[in-house]
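Next come two complexes, and both contain chain A; in the first it sits with chain B, in the second with chain C.
Up next is the complex of A and B:
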């Protein structure tokens, strides 16, 4: 469908929020606490953060929770009865205030969870989610969305994209999908006609730092480079980069037992962990940290583009902000571009 | 009762066979008949076997698709899940997801000689394709099986080895590592690569399937090359750590391949294009 452009007055956002709540939507929005923004299920508009660059965690947990229960079981002697995923209880949710670098990330998640087998649980959560994103009016030195195909006002992955027109201005609302139209239909009076509003001049300036296609081509010949060791010497293998990443979707499957009952669940995992690949025999195909760092970069910038036709990085910069050892993916990618092959 | 990709079939353990110290074979029957009716698989595929409360573990289906009504798996007690499996009794219900992965292209091997080379606990992933070939024996020329283990007690499927020994249409060569023999041992004594060099058929019109510990494979491949086997005619099955089994969890990703989706069966020619991360 064509994108519909509407104007939403700055003091209408609260009304929109209230209408969403009146319509029994769960609203997942950024909340600032101790200087850090994070997504929470919020009840009151006054707690929603507006002036922040990026949340510490991405919003992927809405469709790919940190722990997702697949089934419950109950043992009775030698028999077992099993109850599957509870699709009825997936909440009808509005993701509010998310940045374009997260909404683009849903494209990568969609590819991972559906490229071959279809992951019904992920799809059920996504189907019940409406994404109301907000363009970036400012950025920081970690941001590089424009180097990986995004931009601070990208509509990709959003149902409605709001762009604040000036520091104290109203909002341009770009209604992108039918899910977005359904939100407009809940509060048609709040979405006025907007023929002339130009969002571009209000967007953050995020300069392009490297050529993504060139990086991918270089990585094909870069596998055996000694640069991987150099670049990953500081890596603690803590996995924080994967946990904050909007596209990292690797997971573990674990059981939890309470006497005769229990459940099976998937939990976030990271290719940065030594145990990620270790065989029961003790053999570990990626036995040192540099191999694991290489896997992270190769997977995002070489393997995913080839297999899934999508990059595994949105340039949100979270991994660099979160890294306790101050590793910086942007600096590393630039250095790959500068190496003589 | 499959309501998501992660929902296992419930399987009842019909029969437990102790193969070797710490190694057991389970024969599994579907608890629900409708599950059994819609289930099918091909030689080479694997599944996720689970003890509820302990978790899931990945093994190949060790029985042949030509034997209907059940599947079998053989495992060594090594980690949390295999220890929990080993603690199960006949009649217990466990979980099974699958079949996953690609297959041995046995239909393309019609009219060829087959050479199966296995070491230790790696016979189970090959047993499926061996029985598949023997149950459709008329499709193939000479069938040779070379199977080695550390010691006589480590040889699995002892009854079936006897069965293959007795058949006139199979050449079975068993071997144990030096020192692993018993006084009445009638097989070979020596490492698998050496025995392969001695007994292998001509590489002409022959497919080789090799499964075993990394060190056995490492020393067997040069022998096969010396005998004239081309990389595209040497098959193996990889055993990377896996969780989901269908290309999402990321664990078995090696280069651009997912062992669970593009494998577990690979030719040596394919493996040469992969990073050495398996």
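Up next is the complex of A and C:
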């Protein structure tokens, strides 16, 4: 469908929020605590953060929660009764205030969760989610969306994209999908006709820092390079980068048992952990951190484009901001581009 | 800083060490770890008040150790960590040279870890006033208020284990949480799973934690997880007196004396 352009007055956002709540939507929006913005299920518009560059964590938790319970079971003698995932109870959710570098990340997640096996739980959660994103009017030194195919006003992956027209201005609302239209239909009075609005001049300036295709091509010849060790010596081997990433989707299936009852769940996992690739025999094909760091970069910039035709990085910069050792992914990618092959 | 660069250069030129671990300018206003292997790269070293990451976390790391003998730029918390690590047989004078930086930013040379220990013992490990106040407030809460406080603070934890990775004392190649036969700690990051992880972490660090705050600084969500280890330090001090890392391993909870006044263990 064609993108419809509407004008939403700055004072109307709160009304829109209230109408969503009146229509029994769960709203997942950024909230600031301890100086950090994170997505939470919010009840009141006043708690929604407005002035932030990026949330610490991505919004992937909405469709790929850190713990997803698949089933509960109960043992009775030789019988086992199983209660599976309750698809009926997946909440109808509006993801509010998300940035274009997150919405574009849903494309990568869709490819991963529908690659060969269609992940029904992920798909059910996404089907119930409407994405109201907000363009970026500022950025920081960690942002590089424009180097990986995005931009601060990209509509990719959004149902409605809002762009603030000036510091104290109204919003341009670009209604992109039918899900977006359904939101407009709930509050038609708030979405006025827009005849103006060249949004470009209100967007953050994020300069292009490297050529993504060139990085992928170089990585094919770079696997055995000694540079990986040098680049990752300061990496501490935690999972912060993977867990804040909008496209990292690795998980581990865990059973939790309490006597005769228990449950099976999917928990986030990270290729940065030493234990991630340990075989039952005890052998670990990625025995040192440089191999794990290499896997992270190769997966996002070589394996995913090759297998899924999508990159595993949206340039949101979260991994670099979250890293306790200041492993800056942008810096690493630029250095890969500069290495003499 | 010039003196630090000079010292690093000398050590590398004389082949006394293979690598010098220090700090360099990082992204924005951050500093980060630097591993200098060539004398000509020593000029990248920086040192100022921003350099708070505990570099001792790197001396037990396989790929760093495999470089050969190391020198490390060591502030007081780093020195304390090194003494503790030496007492746990993770490092020795054979594989490490300590370039000390005193609390008033002076370079200090040490011949061996015993000298480092003697220096460290001149300073007491004291919980800062702000955190002391928070701990006192927590102490005054009822058990249910305290339970709610920790549920609220720790439920956002995503179990990325940055706290574990940044801590010099968490050097186990396989952590208790990574065992699944049997599984001791729930893997999932739920309210209970998070509480169990953080409480276990604090218990494993009691008597060993030197209060460097590396865990809290590493937390991407800025959770006040160091309150737990600080509380253990307060309690250990109150119950056992002195609290210092010691090369002889005479730190709290690592020793047992047959004439202990408590008889529960006999």
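Keep this in mind: the second predicted complex is superposed on the first by the 341 of 341 C-alpha atoms of A that agree within 3 Å, B and C clash if a C-alpha of one lies under 4 Å from a C-alpha of the other, contacts with A are read in each partner's own complex, and residues count from 1 in each chain.
Just so we're on the same page, contacts are C-beta pairs under 8 Å (C-beta built on N, C-alpha and C of every residue); 3 or more make two chains touch, one makes a residue touch a chain.
None of the values given here were measured: they were computed from a predicted structure.
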When the two structures are overlaid on chain A, which partner does A:67 contact: first (chain B), second (chain C), both, or neither?
second
In the superposed arrangement, does A:34 touch chain B (first), chain C (second), both or neither?
second
Does chain B (first) or chain C (second) touch A:254, or do both, or does neither?
both
Based on the superposed arrangement, let me know which partner A:217 touches: chain B (first), chain C (second), both, or neither?
neither
Touching A:121 in the superposition: chain B (first), chain C (second), both, neither?
first
Where on chain A do the contacts with chain B and the contacts with chain C coincide?
252, 254
In the complex formed with chain A, which residues of chain B make contact?
1, 3-8, 10, 12, 50, 52-56, 78-79, 82, 89, 91-95, 214, 239-241, 243-244, 246-251, 253-256, 261, 275-278
Which positions of chain C touch chain A when the two form their complex?
26-28, 30-35, 53, 57-58, 61-64, 156, 158-162, 164-166, 173-174, 178, 186-190, 193, 217-223
In the complex, chain A touches chain B at residues 70-71, 73, 75, 78-80, 82, 84-85, 87, 112-113, 115-121, 223, 249-255, 257, 262, 264, 266, 269, 271, 276-281, 283, 285-286, 291, 295, 298-299, 302-303, 306-307
Quick one: which bits of chain A touch chain C in the complex? Just the residue numbers, please.
34-36, 38, 56-57, 66-67, 140-142, 229, 232-234, 236-240, 242-244, 252, 254, 256, 265, 267-268, 270, 273-275, 288-290, 320-322, 324-326, 328, 331
